[in-house]
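By letter and in written order, the chains are A, B, C and D; residue numbering begins at 1 in each of them.
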Amino acid sequence: MSSGKKKLLINTDAGIDDAQAILMALNDPDVEVVAITTSHGNTFEHHVCRNVLRLLKMAGRLDIPVYRGAAKSLIGESITGIYYHGSDGFGDVSDPEAPELTHAESEHAVLAIIRMAKKYSGELILIQLAPATNIALALRIDPDLGRKFKACYMMGGNYEGKGNITNSAEFNFHSDPEAAAVVLEELSCPLYLVCWELCLKHILTWMIYKDSDHYVTADQLVMAIVLDREAVIKKEKLVHCDVEISGKHSRGSMIVSWPSPLQQPPQDKQQRCIHLILEINHDLFSEMLLKATD
Amino acid sequence: MSSGKKKLLINTDAGIDDAQAILMALNDPDVEVVAITTSHGNTFEHHVCRNVLRLLKMAGRLDIPVYRGAAKSLIGESITGIYYHGSDGFGDVSDPEAPELTHAESEHAVLAIIRMAKKYSGELILIQLAPATNIALALRIDPDLGRKFKACYMMGGNYEGKGNITNSAEFNFHSDPEAAAVVLEELSCPLYLVCWELCLKHILTWMIYKDSDHYVTADQLVMAIVLDREAVIKKEKLVHCDVEISGKHSRGSMIVSWPSPLQQPPQDKQQRCIHLILEINHDLFSEMLLKATD
Amino acid sequence: MSSGKKKLLINTDAGIDDAQAILMALNDPDVEVVAITTSHGNTFEHHVCRNVLRLLKMAGRLDIPVYRGAAKSLIGESITGIYYHGSDGFGDVSDPEAPELTHAESEHAVLAIIRMAKKYSGELILIQLAPATNIALALRIDPDLGRKFKACYMMGGNYEGKGNITNSAEFNFHSDPEAAAVVLEELSCPLYLVCWELCLKHILTWMIYKDSDHYVTADQLVMAIVLDREAVIKKEKLVHCDVEISGKHSRGSMIVSWPSPLQQPPQDKQQRCIHLILEINHDLFSEMLLKATD
Amino acid sequence: MSSGKKKLLINTDAGIDDAQAILMALNDPDVEVVAITTSHGNTFEHHVCRNVLRLLKMAGRLDIPVYRGAAKSLIGESITGIYYHGSDGFGDVSDPEAPELTHAESEHAVLAIIRMAKKYSGELILIQLAPATNIALALRIDPDLGRKFKACYMMGGNYEGKGNITNSAEFNFHSDPEAAAVVLEELSCPLYLVCWELCLKHILTWMIYKDSDHYVTADQLVMAIVLDREAVIKKEKLVHCDVEISGKHSRGSMIVSWPSPLQQPPQDKQQRCIHLILEINHDLFSEMLLKATD
């Protein structure tokens, strides 16, 4: 019954790095992209939706359904600026041929996520490349959602106190800290987290390698791990993580319950743990990136 | 096409005062209870659902559909104690004849709210007697939800800094402060708010009147206002209100942007205002209560 | 040895209402103003100091020592605007005859407070008309400070959720919430608190009485109570109060542990209680004000 | 007039690691310990004072004056448990010969700090091995305090999000976050900060080296840097740091304004920067430790 391919549901705020990650998936013959859901994030959700449709059209894959999701964070915060890649998140290149937003499905992303997790129960892999609002909302309506996914691969957070949108917080988590906290706590499938510091290490390596300017490779790293987890990940740790939702300086920062280096007590069994990825195979990832962007 | 009756959608965490409020609605010939949605609150959501089904059975009105809603707050907080009216919220009276939870509809309360608001657009009145989680979730999925309701009548919050669950916060708002904030900010229909201090004034009057013990009349007051707004409300003010979502002592408290008594500047037109009810006709309400509880 | 007069130590951020309060004290033959300490608040501390010196010169009382105090709040916040009564807090009237700041004593206000509380142990009355920084600092260095004062009369806070500098907070408490919290918790002498809502009631009465514009009578009310407590206070309640030091909307607001109107449980004996003043004799206070401002 | 020796003022919450650090200073012929001030921290301040007196007696240096300081944090928090090294911070070894607390000076630590900074202006080096309460209080009373110190060497905070008392916070900063923030922001002398992660690196090295159990070397590292800064520090960075004073998970954590690894913009010149120490000479420090503990 199963096609044998990896079935992906991609939640995105595309974004050029999201777009490359999606292309990596589309180009892999062992992957089936079941659906794409859109989220506020780098830019407004309506720009994100248009960007995804343009990408799918360019790739000749407008058959993949696109579901429109949350335009605000869980508690109602809107984006207050345009963050990266121009005001539309795609470098503001005029595109008169872009598909209309009406090409997106009428079903809301949150309901589509709930429905597909049930339909492909045990098979579907969630790729979380954006603020986590859509997933947190789906969890509120279907508390068992996590058990239906095979796994979740997520970009967000930080494990050494380094931020990229504030001094203490990474962009995706900062854009919806409450949603990030809900997902880390309640999405009960195996969860692989790619944090900002891990991306940063590769960015620095990559800049030397390519003698290039700044070039973010965050969402692409998530996808590389999805495509070849065993080979790409060199080190991970199973740990509990919290997300700070208040504070004067720390909203959106991630706090890791590191096992003590001094005593090594067993982790509290009650606490939900995630796979925090700590080292990757830089050369392999660089190859995968070069191939994808050729 | 319209029946001419007031069409009510009731969101409840019943609770004995919720139950009386619902009975007041069922006994009014000019009212049609279109649906009841259940919420965590006074007790666990599954107790609430059973309580509502028992009530409807007792009233011979199991034809009214019951939709089960959120078991946790928007950001994932669960109730940590049983607050009022025994562990099941209904005084823990054994009831072997109670209907099974399977009598409730399979559609989730959030989706039912969105669907009915659309179906009865412009006609439906939302009665909000519980933590606001279900409504906030519905707003996240349908940002236009507010425009579809005729009005919302809501129990919660406080306008003179008096709490009932903490020193600074009222129970419904404290049980889900983020949801309360979302509803006050984003539910764009006329919103009538019955706060704790208003209930408290009537409770004190009522205790003298009935020579009775403590007897909470909060949700019943909301319903009395729904049934005869012009007669019951003696004074209201159109003001902006915020809900505190963090703080060492203040989580869940409400902050009113009172117009200054000294200068009377015009309110900021950008800010969403609600109808804060400040005085009621105590005698009329007492009569309505006595009639309903006969 | 004692003169039989009330011995006052006045902590001020003058301010026109502070100035009138000080004059009320200077004009009372049964009162001895032992010292005045200055604080940041309505304006910068150096303006406050100059204002106090001008006032004392005008009153022919430069014999009263003035000690300069905190220029910032306990945790280091500076005033970010000039709040009332012009940029110097005294209406910005040029005064070439104003005494130099060097007329103030060289001893720091905090040390003077500690020294005088000890010197006049059991006799000294602390009049707290400003942000509470100086007092909180003195308490940190001398934890027994409170036992040495006869009483403290303090302007600040709110008991019905009404603010004057934000929607939730009164000016003195908002200017240094941590210091206000320290004083309410740790200053162990009898403490009489005049909150914003009480002042507001009199202001509204007074505006009708005098057919005048806005005219703040906060610090003067504190002084009236000092001068004739039995006659001025009509109602008070002994309660525990907290000050909110964080929060999105509530920093600086006061939270009262009201005894429940429903059950009347005994107050937690462990908790420090203060005299919260709830009603005053408006006519008497108005007379005192008229006399003082003639 | 100057003795040519390094003049140290040591603020401590001794603590076995504090004690070793103090011994390192006493044993160095080029160092003069001008005074020791005591602070709440690892244990109650009166235990700390006794520990310091026992240490000085043992070393035959009761000539060094000891000034007793803050028993609570800036905003009034008391220690709620005994953290390390037994209930008295010194392993609870009975010592009938211990000097009485009355051997300490009567002047308060905060006043002694202010006085000595003035007396030895430009020469005195502040060694900050405890919660920063005493220093923050001194800064409130003498805002120019920082300019009078030659330098400050401080143990506390974290720069990679690792805590030792909570998942996000280091002990000294967590014990008084507001004081730590005040010192980092307002103490204007050159400030060298030894954070928890740096200590942890040496602890792990040291455990292998000595084949020993857990052995904390935090305060000793500060002192090693004081004694031979050029040789011990291998890498430092001049950065702005904030301390989180609120938050659900982050109270007491430190946030570093790292210069961006991607663009390297000049630091905001307005922001106060400190010397964050990032690498030390482990071998040299181990030698110094062995010599001191022989």
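Everything below uses one rule, namely that a contact is a pair of C-beta atoms (placed from the backbone, for glycine too) under 8 Å apart; a residue touches a chain by one contact, two chains touch by 3 or more.
Just so it is clear, the structure is predicted and the values come from calculations on it, not from any experiment.
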Name the chain pair with more contacting C-beta pairs, choosing from B-C and C-D. B-C
Please indicate which chain is farthest from chain B, where distance is taken between mean Cα coordinates of the chains. D
Whole-Å gap separating chain A and chain C, where each centre is the average of the chain's CA atoms: 54
Averaged over CA atoms, how far is the centre of chain C from the centre of chain D? Could you give it in whole Å? 37
What is the distance, in whole Å, between the centres of chain B and chain C, each centre taken as the mean of its C-alpha atoms? 42
Tell me, which residues of chain D touch at least two other chains? 245-246, 248
As the complex stands, chain B meets chain A at residues 70-72, 74-76, 108, 110-111, 133, 137, 140-143, 178, 181-182, 185-186, 245-246
Interface with chain D, chain A side, in the complex: residues 158-162, 167-168, 200, 203-204, 214, 242-251, 253-258, 261-263
